[in-house]
Amino acid sequence: MNPHTPDLRVRLGALELQNPVLTASGTFGYGEEVADLVDLSKLGAIVCKTVTRLPRAGNAPPRTCETPAGMMNAIGLQNVGLAAFKRDKLPFLRDSGTKLIVNIAGDSSEDFAALCADLNDEEGIDALELNISCPNVAHGLDFATDPIQTEAVVKACRAATPRPLFVKLSPNVTDIAVIARAAQEGGADALSVCNTFVGFAIDTRTRRPRLSNGTGGLSGPAIRPLALRAVWRCAQNVQIPIIGIGGIATANDALEFLIAGASAVQVGTATFVRPNAALEVIEGIGEYLSQHEIASVRELTGSLQA
Amino acid sequence: MTTPQADAPATGRRHTHARVLAKCEVAPRHFALTLSNSGIARTVRAGQFVHVLPHSRENEEDTGWSFDPLLRRAFSILDAREDEFEILFRVEGRGTRSLARAEVGEWLDLLGPLGNGFSLSQASRSAILVGGGVGVPPMVFTARALSERGVESQMLLGARSAADVLCEDKFTSLQIATDDGSRGHHGRVGDLLESALQEQLPDMVFACGPYPMLRAVAHICAAKNVMCEVSLEENMPCGIGVCNGCVVPMRPSEDILEGDDYGRFRRICVHGPACDARDIDWT
Amino acid sequence: MNPHTPDLRVRLGALELQNPVLTASGTFGYGEEVADLVDLSKLGAIVCKTVTRLPRAGNAPPRTCETPAGMMNAIGLQNVGLAAFKRDKLPFLRDSGTKLIVNIAGDSSEDFAALCADLNDEEGIDALELNISCPNVAHGLDFATDPIQTEAVVKACRAATPRPLFVKLSPNVTDIAVIARAAQEGGADALSVCNTFVGFAIDTRTRRPRLSNGTGGLSGPAIRPLALRAVWRCAQNVQIPIIGIGGIATANDALEFLIAGASAVQVGTATFVRPNAALEVIEGIGEYLSQHEIASVRELTGSLQA
Amino acid sequence: MTTPQADAPATGRRHTHARVLAKCEVAPRHFALTLSNSGIARTVRAGQFVHVLPHSRENEEDTGWSFDPLLRRAFSILDAREDEFEILFRVEGRGTRSLARAEVGEWLDLLGPLGNGFSLSQASRSAILVGGGVGVPPMVFTARALSERGVESQMLLGARSAADVLCEDKFTSLQIATDDGSRGHHGRVGDLLESALQEQLPDMVFACGPYPMLRAVAHICAAKNVMCEVSLEENMPCGIGVCNGCVVPMRPSEDILEGDDYGRFRRICVHGPACDARDIDWT
């Protein structure tokens, strides 16, 4: 193999991607919103905004605020709902030129499983990501903070679909390894680590919360060291691949996650800062591999030196 | 009305750079920047905005070295001509403090033009423009664009005090209201609008400014049955429609009340910032 | 009372402080190191570096690294030990002109209690802070992640000393309210919320951890929204006072914590950036109270509007 | 030797500001800043450093608007005269990238003078100075201070290549080694030291530079039984002795091995950066 064109392909369970950089759910809409600014076909995959059975209006504004090197959001899973998603959003995503991972959220194991099953007949979906860790809706964190519920919801989905199942974990737990093992036990093909950290902000002038929802989920560079720790801890406790998420803004950040044990990464908040952040990360990973004469990005995964 | 719009990207917007050609402190803590970017200058419409990273750079390649402040800030276009356009901002918080350090010759990283702009074609003969605070700058562009279409416009300008009156030399027909009475009418710009509407009803009212002002303008126009577009503000993490952060509540209507309040919130970075005042839930 | 000189005094259990701003343990040495730069007598209190029974060498360098709007540390509780603390450090601290809170850490409930008892005869100690939440030593987090152990260690200390006992909690838990209630149950007079967040960083050039210890504790502005959430959650679940800690760099930050329910705050990492950060915070709180015509800082505590 | 020193604060250090009087790109990506601050300039000793916030400010009151990069950066004093002093740095990461944007007329927020400085009095007649990379600047100050004391010094300067040779015009007696042989001796600066020691043994060797260079220098001096002080680097969150972050491992010795390795690590922001090379655990 030519050492100057490193191999960026990675495998997440049965799913092979052309490179390890995905867009994070909720930070890239349904892809179509930014097709003029980002060459979608170059992405490892698109993870679309969480889809729920029924459309959701989401939380009242203000839904976001800035924090030091980060931001908080409490969108509240605003989305068009399953029917409109299939009708209006899927056709475009199917033809984006890259793989599609549909992120779903339900109220119960049954609801999650039914969503998986409902999508079984749709073509062009390469994997499902189970959002069991949204901090911004009532009971959003019930699953991801309890290993028994985590295992149950993954099992139910596993029975409902043959598609690769990625489970998105929450960092808001005492030991994420416990939840990671439960998800693996339930039959997950990969783990997405992690969702946002629950935070709070107050406007001292009005003495009210800055977000209408009160709490929000912290994302962006501020959380990178914490997310990296979560990924590392999971990598040492499960055998399935891990998708690293949290504060990745540059190729160097992504490399940290790969070296810590991730097989792929997702870029979220950084896309708000630079719409092409994910593509820049892909390019930078390639340059690093060339410079260090590493033939494949797969060699990086878990290559941390003691 | 509020037909859910398709989410195809706006045309012409791009991720680009602009060089700072001029910088001027037009009022205490208010800066106007003249920026060089023909792509934006030649395509932007009145009421559109640019989304700017708050750290200036030494050259085009410079990708910055700070994640704090992290997010872009939105600024309306004050005016555009050939290869240049202008923005005007007040130093408010950390974002604008950082931006105020941009020097002539440095570069800004920006996305634009963004948003929908005002529906100028709805005004065939006459319009009233209402601007308050840093909502005045986009009205300069709007007034010029209308005048080029042969539409007469009258500007009603609100400010806290005489010192805060912005861009007054840019309007041919202008009335001023100040909160402290140090200039023009002592009171709200809404008072000026009520008087103006008593004289003659324009085809359109275009307004930009603080929320309470916009709500007052919306109510005044609704009472007189005059069409009104308001340019709204909300925190905008992405500015390009992907985050669902910048929503404003819309009035309950049959279109949007599918499911459980579905569609009640509209992203104003793409389906705004200009909105038909009647569509907004002002409560 | 003169509205122009707001009352900054606060009470933490039996302890009254001239103002609500303390220095955080481990970020202000034993006070003497910075007496030339900071007027110690103006502080609400000094919380000194954690003292253990025996001297500790701490972890090998590198012990710190910078992160976006934050830093990580893995000092490993380097300290002079109890005997040298009493002999060499206490005399200075006793005469600093402000209150002294001695932060201690032990290996077991018995060790914690013995440390409390050993200090009973020393004059000039106004309260003890139990560091049951250091992430940078083996078993450092065992107490603060388990309500049963938390309650046990506080009970043991409660029996060993009549002094006010503050318990420093860890944010690295699924629900800090559970631990907060356990500490209250054990007899804590106040809660210090919170210690650092466990993080990780990798040098991608060498593919080694940036810190010799591997993981470290994240502090600084980056964590402020997360620490504020922890304080708010505790405030809603216990009746004892809370000392807010985490990312406080300005008076406005401190005000957020007070409004969320803290009775006092500690300034840590910000002192590295500006040695007088704590004094600047005190001044700014005073200005805010004057501007808003609030007579006493105690009115702010928990004054969040719905 | 390593008697645990009392922790009374150093005298003279303060939290202060300095104005940028001059800025010069002395080599590619290397900047020298001349800073105005008489308090520091008049009290600083060779080998001491200043701890600088990496964001320049427009005026003295400006408290900054960014928390990223968060922490101060340490820079050795290149030289000081009357009310001015100089620092020289290489643009390395985010801290120095930000600092490189400081413009003449702007202000830096700094703490200083910090650290202990070199023990110049230990050299009564002659000294050898060894500097590599950005370890060269403090040797300029050291050479001048020695010469003012009537002590002869010889400078051995290491660099990657001819382009990276810093401050060569500041030394009267100078030998250069470059890794690529593009200037002077082709090899390590340690080779130059070995030759120099073969000719004559100085009272002291003072060294500053990358860790591998310092270790080599320490070994060479130990073998010849020449006293050597090295100026060490470690990440320094506070710079003022309160965080215990900046430690380096000391050689096991009876003094420090009370308890369980107690005292094995020394804070070099106060008990350094200059250390007796024999005290350091170089393993």
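For reference, chains read A, B, C and D in written order, and residue numbers begin at 1 within each chain.
The criterion applied here is as follows: a contact is a pair of C-beta atoms (placed from the backbone, for glycine too) under 8 Å apart; a residue touches a chain by one contact, two chains touch by 3 or more.
Predicted, not measured: the structure shown is a model, and the values here were computed from it.
Common neighbours of chain C and chain D, by the contact definition above: A, B. Our note on geometry: chain B versus chain C, Cα centroid distance of 45 Å, whole angstroms.
The geometric centre of chain A is 34 Å away from that of chain B, both derived from CA atoms.
Residue numbers of chain C whose C-beta contacts span two or more other chains: 68-70, 220-222. Annotation for chain B: residues touching 2 or more other chains are 67-69.
Taken as a contact graph, the chains are fully connected, with every chain touching every other chain. Within the complex, the chain A residues that touch chain D are 68-69, 221. On chain B, the positions that touch chain A within their shared complex are 7-11, 13-15, 53, 67-72, 95, 109, 111, 234-235, 237-249, 258-265, 270. On the side of chain A, the complex with chain C involves touching residues 67-70, 72, 145, 172-175, 197-202, 204, 206-209, 215-216, 218, 220-226, 228-229, 232, 247, 252, 255-256, 259-260, 288, 303-306. On the chain D side of its complex with chain B, the touching residues are 58, 65-69, 94, 97-98, 101.
Here chain D touches chain A in the complex through residues 67-68, going by the rule given at the top.
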